[in-house]
């Protein structure tokens, strides 16, 4: 393994991805991070922006979700490790969907969430090889699995 | 195909599974339905009941979720069609996880949810071959795909 | 093999499926045939009939094609042998799509078409283990592969 | 993902591939495009040119289609994204075959065709994550999925 | 699922398999149990008994292990659930090998062992969906996953 | 496993298949045997008989081999155990091809051949879980792996 | 595709591999060739040379064939295209075994053999996308599939 | 193959990995070696060190084993060849688990162990393409399979 591919799925309203990337850079780890588009309006509108307007929200959402899926499924399938963060806001069904998708593909799953979600996320956690709360823990895991001798 | 296997995932607080099964029986469709354990307390406690107590909720939940996974992953992998219902209450990350798991395995996915969840569930819907609101629509789909000539 | 599963894909405007089924019955072959819905209006309208109207033809067609896909992909994936007939009328991209889908899954492919289509169908034919013109030839192949000693 | 592999299948009688490649180059996208041989006579004759003459067109076509398949199936299986263009002329069963082949392999499918083909291509479209009309839209999708943050 | 297939791997010097089978029968569970040959001398000698003597123990053992593998790999690959028991005696590398084989195939793994082996078996346990000590617990799990509503 | 599927590949000029089937019947083993068409002229001519004459032997042979492949690949892929017999006559590349095909699919392979072929068949034997000389040994193996306790 | 991997299997008693490599180099094709060990005595003796002597030829051959399999199966599984040459001498079951192994993995298969073997090799040829006689034809195919526009 | 990936699993209490790496370097072989963390205390404690303390040894071990699995399963799945060494001490169920995991994935397996373990390891050995005693033999095999012509 020259480089480990890590897909960072889930919450897009805090800077947790940046913290992990900074940690990876600071440690000089052989890790390449990928992510969904985290520009929320762009992500919501990409379907109609590129493929034409829709009157119904259902089809606007479907067009957008499908364009995003071209990116997210490819990156997720290409990853060795998938990290999924559940934040405090929103329903985040997208994050849980990605967790299930990754689990079925045998990806190594790391789940991050506040302790208050422990019961609600128990099926998701049960598919993970690590459950943690902070980006720093993800960096520690990545250091351990990629360069520790 | 003598029999189609359909796994009914998701919400366990309404009688939607029974409505679908009644519809299948009334139509005499060649469909065998399976489901997770829908007795909520039993589902929460199966891990510690069988494998011994835990002081921490995290491990109680893990033990239970893993025992449930023996059942749910086997039935889901054995299914031709997976129906997932999102209700109005609870976070239902489990339902979204099952949707992702089913999608990655190439299962034919039917998603049921109230229209108010359209935007929040757009990634899940985008993986589905049908999105509907009522159990009767699922029965109609099953009739069409299994016996219509 | 107690029973061979054969999926009959393609043209829905002649009675070729019935000829094959009659031949199988007359010979008493251990073959179970499946097919898409061959009621053309039902096939076109199943999406909006079950899941609600659409103003745009594009979405009406998508809804219908996706409901049909629940059936056709399941039956095709379940088949040992896939027979695809290209008729003289229509563009029949659906038939060519099914041929590619079946080829990628390693299904044993039998293609039926009039000789005039030989050049236009050369990539499809090249993925087939038999290319023929008449339903009777399909029956002969099925007899040979299932019961000849 | 250092580079995304995109296979450009379908119509060979317009310069749509060149437009997409120009767009990729202009945007500096990390995308590598591949394609079938687009020299029509070479594609038709490669079998007999290399492997020896045939009297019957059927075998000439088969030899050629099989040599082309060495290339096209390898490139298609190696692709992350498969773009298929249906033009206005010819029957283009080859394009529909490639669409089905790509769909069965779980490739991310983008379909381009004039709106007049919407109904005839509904099963092909239903397997796609994006349906569009112009090469520029493909470039926009590629930009969005490969470099947007 | 009409019947769940459960492969009982590991220790062959106690009657744990019989206890599980008795429990399944007493509860009337839809479970079919399979197992390796538990006649120790037959298992050691099957290779040379059927395929001819060997002077070197290494080849005698190889012949026997390969004949046993015809049975054990087939049954394990056919199982929905794999139960592996580690006893107190012998090195039981065979049991650990089966656990790894089952884990890589995505089988639902239940591990039984005395608590004293917890540390030594931690990698094996980490691949399991349930870890227990007694045959009765396996029966309880099987009852829960196969017939509980 | 209610029934084990065993495909009997290779030599078609002696009655070894019948000996194995008789042994299975005499022992009452839960084994279902399948085989290629063993009527040599029918096997050679099935392609042109059903699909039309060819002037060149190459295409006559291809048509026939492809029709036979519909049968043999299906049965081989459906088998739990594949037995391949190499006789004393003919080149039997077909038998070696089937051995490689079965090995790549992870089938449990039993090879039968006279000892004089040991060196020439070493790569084939190296993929097998048992190498023997007589049909009776195959029956003994089948008895051991299917019903011994 | 930056580089196409081509595995050259089969006959080791003529310089056909060198002719193909020379052709590739002369044309500057983006092709990387691999091959089994073609030093016949080394190939026969590698097992006992490295892992210790055997009295019986059967085990000497098995040890050697298994060591060679570490190389050949890895390279064959890594290849995009597999070329197999059948020469005039020896039984070459190894070449036919590799052909079957490659076919089951969906590799693009090119078979080379003298015309006199057409009937005996018909099942092998039927799995190939090209059948030819001369190394120069393989180079022409490789040029066509890798660099022709 | 530019580089062969070799995963060195098993015993962590002698310097056998270093001997193999030295041999590879001395011979200049195109081989990249990977391994689990061989710092025993770090390996035992990584779970609780990164993810928080546990009172019960069972959960401490599970947390650690799961973090290690992120590394070991990824490297093992990425390997072409898996070498597993069984030493004289400890139960080494981990080594046997890895052997089974590798075997199920079709990895090329080389097993090293003292001759005294021949009988106890017979099922593990039976899944291997080479069984040896010394690191030097592994280097010889790697030289033969990667660079011998």
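We call the chains A, B, C, D, E, F, G and H, going by the order they appear; numbering starts again at 1 in every chain.
Following the convention adopted for this analysis, contacts are C-beta pairs under 8 Å (C-beta built on N, C-alpha and C of every residue); 3 or more make two chains touch, one makes a residue touch a chain.
Please read these numbers as outputs of a predicted model, since none were measured by experiment.
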Any chain in contact with chain E as well as chain G: F, H
Recurring contact interface, reference C-D, options B-E, E-H or G-H [over half identical by residue number]: E-H
Centroid-based (C-alpha) most distant chain relative to chain F: A
Winner on C-beta contact pairs when D-G is weighed against E-H: E-H
From chain E, the most remote chain by mean C-alpha position: D
Distance from chain F to chain B - Cα centre to Cα centre, in angstrom: 43
Centre-of-Cα separation between chain H and chain F, whole angstrom: 37
Length of the line joining the C-alpha centres of chain E and chain F, rounded to whole Å: 31
Multi-chain contact residues (two or more partners), chain C: 66, 69, 131
For the chain F and chain G complex, residues of the former touching the latter: 57-58, 61-62, 64-66, 68-69, 86, 90-105, 117-127, 131
Contacting residues of chain D [partner chain G, same complex]: 5, 34-35, 37-39, 42, 46, 49-51, 63, 66-67, 69-71, 73-75, 78
Touching residues (chain side chain G, partner chain D) in the complex: 1, 4, 80-81, 108, 110, 129-132, 137, 140-141, 144-146, 148-149
